[in-house]
């Protein structure tokens, strides 16, 4: 199912407009991750897709059919609500089997299917319990199973894995991805975990204040962020932002004049800030003072002070070296943004 | 807390909370109840001098053989069967439509509310007029569908039906208000989820509304059973101080009233009260049993 | 001024009086009470309306149980046996002289006697009379009927014209009783013999039963009182209480021409059951209060008050003297419709009061319903009445 | 639904003739019926009494029921079920039987002919308690725990959180009980002997007697009696609908 | 406040026992992260600490005082519930200020404090809204502010950041840590995000099936997991587990005999599986076949096939090299587990 959102406007009563002229297209069978800060309108967007909210203006088009005003049932959507919305009076098994019951699937068959899905989300031991007797993560998995069972045309997942531990989350997102591939269902997956997004999404939509900042593939988003917001939003630890004026003297290469004219901020990803070894790809050499170094799991984090700015790097090996040193800025991982925050193309740097 | 066991302390505390209700109930319901029920076993009782001849089951034997009592019992049961399911079903239907009404919801609500405040005397008079053989509004409709007019209130074959109609109408407002208040409390998300899961309106009703409304339906049903078993005011008002044509609308409560306040037979009345009470308890337990079979652990508190 | 009055009031003995009068009648009664309080300075009567008569009955019952009865109350003499059994009421014999008692209409007086003592004195009394629709009678070319035969005839003629002959109250017990009385077989005699199943009684009830069966007579049913039907103008006759005169007058449409007459006779005999309420005096309270109660009743029995009561409410004057006064006669002249009731006094009687009377009334109502609603044969239902009543009387005696 | 109500208002401005026979055609609007009715009995006094009694009773009922429903739903104690069921059973008692024993109690307490007799025995409503019980039982537990952890005592939680959160149901039962108190007839009649303490429904007695009823005046006074209830209802009606603050999902349109 | 849990037993009605003889101690002013798979009993444990659940046996001791049966208010606990438990009829401001209201703090003062906290959790624009009008993450932040406002003696946070985007999460956890340091409040922090746990916790409790698997500092947990479960649970991507029998032939060093006798499973962290360069710290050389290589954000992931097992490595640079190669197992990051899953001490390896 190809999904088009056309010129959506939406304002919550008594609030500022949230969506203004929001437009995007999800290709048939695509898994799109929807990311954005809290309150950016992700849930709202899913609700519009599901038909729970009707936009003030604009259209929701499924495979060419305008469904903006179609009822919820007719859209054939599977959804995991952010707060699950499990039926409190039904057991886990019945909760999962509910969509099939609505489709008049025979009891035996639907329980069989429900059990299969319960197995997939690892909830089998809890089948006889009621939602009130489940832990948060268990509830979430029931909600996921319920959304998956009926093989919907569009799957909307609102942070379906937020309450799960890392291992289970990896397992389930892989499972979701597999099922999604098999059934070729267009899926929107809201997540706060960039790994989720980066690992399984075909494309990622970055939303902020109700505006789509960028919609692109994982790699593109990371490597070619459209603007400062996206660059800052994607990537852990966060990208380092330095005023252009502060870095300018240290550039080892010649930058295009337009770039120099417009760039206001420079963004350097932590892994692009390396122990100084001048190579072709080094853009600049920054003299810094080491502040702290520590490791988190397998990651070695280093914070350094550069001029007024504290920078973070993941590419400095554990060291007992002098406290002041020079770090190299790798071209691949360094971005320039103009005053509006839009990224400027660097062009080919001149050595 | 959640799983803590009762202790003496917690019991004392709880009793403090319940005390106001309990003390008043004890003083003005339990205690007089004992006194009133005891009377059902007195024989040769001088009501004013409070002289008790002896204790016996004679009053119950009297009831057993009394044709009027049998009639009252039969009428009451027919009446209950006629009123309770219909009035609750109808109230549910109307409450649902009011709940979903987008336009005039307030106005409609008010309309259903008005019968509640209208005094039963006024209601009875109006219904008497509606039922009246010559100009009755009801017979007007019967005429439209080509039926012979019915003398609703004076024909023993129809007068119980007339009473049932009036009582259904009268109880609607109360049930609607309670059900509506309860419908409001149902989280809308469940409906959204159900719709997304493909449930049509009917399926939403049976799978979401009904189960989540069960506590209130239970309450409304029990209340309806209790109130209607004790129906008296409406009979008295509708038939102007009689029990309908040839006692066709004699209910247990009317019988009790008649025996107590009119015929100076308080012991018989008390015995009738005991029987009525027994029936009420029985029917209430039955209702509870029917409606409470599906019990699920709630996020809230375990109901008793 | 003010202060003085308070002292005089506080020294007065308060006599509480519960009654069942409402509306206009209540106002008239309050006036009488006020005048009594002004007329002397020993007692102060406080009259409180307690709703309708059935409400009042319930109140008395309740108050009796907790010994908070008023000094005097309005009630039906038929309750006397019950109250005596409960030790609630005190007779008037000591307070009213034989002469004073003798002045009361005999039928009324006799009603209040029980076990040889005068427990109740008449107050708001009425009899059954017959109302007729003048225009319809004229239209049907009929005279005002005076016998049940004539009434039956009116019924037949009226039916042919699509009209109803006779309207009755739902509780047309008076008419039934009157018929039995006229046939010389009161349903229950003074010495508690039951005559319901007597052949004469059955015969006497027959014409009425027949009218009810054929629909030439109709009871009021849920309307309770036949005057509703009568006022609609499609009924020729209505047998009802004289107490309703005022109400009918007030409710009758402007162009409605109607009159009253005595109830019809049966085989030349006429009997007229007295209805209404009496006054009783309770044992509760101080002696002074009880005396005050008696004093107030005596005051009411004086001609002036009796006539005032009768003329302003439409109830019957309870003393023979009052009934014959010029002022009452003047009143009757001016209000000819009240004449019928007054003339009934001669043929009026009262049912004996006995323990279980109210149960008997229920049984009698069943008979009335049997005839009017179920169209049961008169003999059958009267037989049943006979048995029931006998049982009632028997069980209440031991 | 509305027909009887409309007829009531309609009949209140007719003549007795009209209402007695229903045959004579409509003549005129007899608005003076209202004045006549008002003057026929001490309605001012009745109003005052009705207001005092109804408000006091309903408030009392709400307080006792809220307290008890809270205890039954939120506290653990010995005999909870038994006590609850016992109270439930009192709903099933035919009230007419209790009138006389209660009168005895009240007169022993010297409450007869005092407001106390009209108010106190009615400040316990098991029906209301039962209704609130059902509503309170459906409250999410975590809110209670959160409040307790936030330093609220049971008492504070009850009045500051539980009650406002159940505004809808409380208003609903409150108004239902208010109506039944307002229209109560037998009890105030039996428990009072004089007009000083009588309530509005007893005022209606003025227009009916043993021989018939003055319908227009009765209807006019009935309208006068129930008017305050309608006004109160219109005032609290907004409370019968969950406020935006509590609706988890309110659709924007559809 | 020092918190002791002594010999707790707890069983949900009709379920298997959850806690059996659970004992642990939280030092005064410590921030402890509580991690564990979904359904392991984390929420339950918090509830016991808060007094919401009374253990069937055992004691909860606060600073030497047995509070097992003390009422909730007396414990002076701040808590963020997994489902927030906001008061639906109170505005955001009033929700946050509620604990102070209960403490009879003057209106002006408590609103001032509430506004400060709202600022800290970045919810200021929403102060006038009601909970139902907030997004999931906004609700969560309100709950957090409410828990923090009254300066409790013990702070219990049940996944307080699960619905927040990475940046906000980092900001808030830093804020929590700062406040916690300042006020010296003993804190238990349930989280599924290992970064949260690893970054800010003084110590971490790993819970599984109601049993404490290990309670240790961040570094210790990662570097010296007590058992296979902990090793597997901590670390992203997951540790590679290989049967001892499969690896044995490839060891480059001599292992202690006891180790050889007992070890059943070998665990190798992804970053300890490096392109073969024999150094002193290399334990083994594994011949593998490259399966796939892809990058996620700054991470380069490589899956290789070794015998029957698929291994994952983050230490193999992007390569176009032959499909079969040898990978070195670094000692630091390689663990041995016995049949019960307990980790065996390696001792000093012999080259």
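Details
Chains: A, B, C, D and E, in written order; residue numbering restarts at 1 for each.
In the analysis below, contacts are C-beta pairs under 8 Å (C-beta built on N, C-alpha and C of every residue); 3 or more make two chains touch, one makes a residue touch a chain.
Note that the structure is predicted; figures quoted are calculated from it, not measured.
With contact taken as defined at the outset, subunit B and subunit E are each touched by A, D. Farthest from subunit A, judged by the mean position of CA atoms in each chain, is C.
Most remote from subunit E, judged by the distance between CA-atom centroids, is C.
Between the interfaces B-C and C-D, more contacting C-beta pairs are found at C-D. Between the Cα centres of subunit A and subunit C there is a gap of 93 Å. Rounded to a whole number, the gap between the C-alpha centres of subunit B and subunit D is 17 angstrom.
Separation between the centroids of subunit A and subunit B, computed from CA atoms only, is 58 Å. Subunit A and subunit E, compared by their mean Cα positions, are separated by 22 Å. Residue positions of subunit A with contacts to 2 or more other chains are 12, 52, 83, 133.
The multi-chain contact residues of subunit C, meaning those touching 2 or more other chains, are 58, 61, 65, 232. For subunit D, the set of residues touching two or more other chains reads 22-23, 100, 140, 142, 145, 148, 247-251.
Remark: subunit D residues 140, 142-143, 145-153, 156, 161, 164-165, 167, 243-250 touch subunit E in the complex. Within the complex formed with subunit B, the subunit D residues making contact are 1-5, 7-8, 11, 22-23, 63-65, 67-68, 70-81, 83-85, 87-98, 100-102, 105, 120-121, 123-124, 126-127, 129-131, 133-142, 145, 148, 154, 168-169, 171-173, 175-176, 179, 182-183, 201, 204, 215, 218-219, 222, 225-226, 229-230, 233-234, 237, 240-242, 247-251. On the subunit A side of its complex with subunit E, the touching residues are 12, 35-39, 42-44, 82-83, 126, 133-138, 140-141, 158-159, 162-170, 192-195, 198-199, 218-219, 222, 232-238, 269-271, 295-298, 314. Against subunit D, in their complex, subunit E makes its touches with residues 50, 52, 71-73, 75-79, 81, 83, 85-89, 91, 98-99, 102-103, 130-133, 146, 150. Subunit B meets subunit D in the complex at residues 1-2, 4-6, 8, 10-11, 13-15, 17-18, 20-22, 24-25, 27-33, 35-36, 106, 109-123, 125-127, 129-130, 132, 135, 137, 169, 172, 174, 177-178, 180-182, 184-185, 187-189, 192, 215-216, 218-219, 222-223, 226, 229-230, 232, 253, 256-257, 260-261, 269-270, 273, 276-277, 280-281, 284, 298-304.
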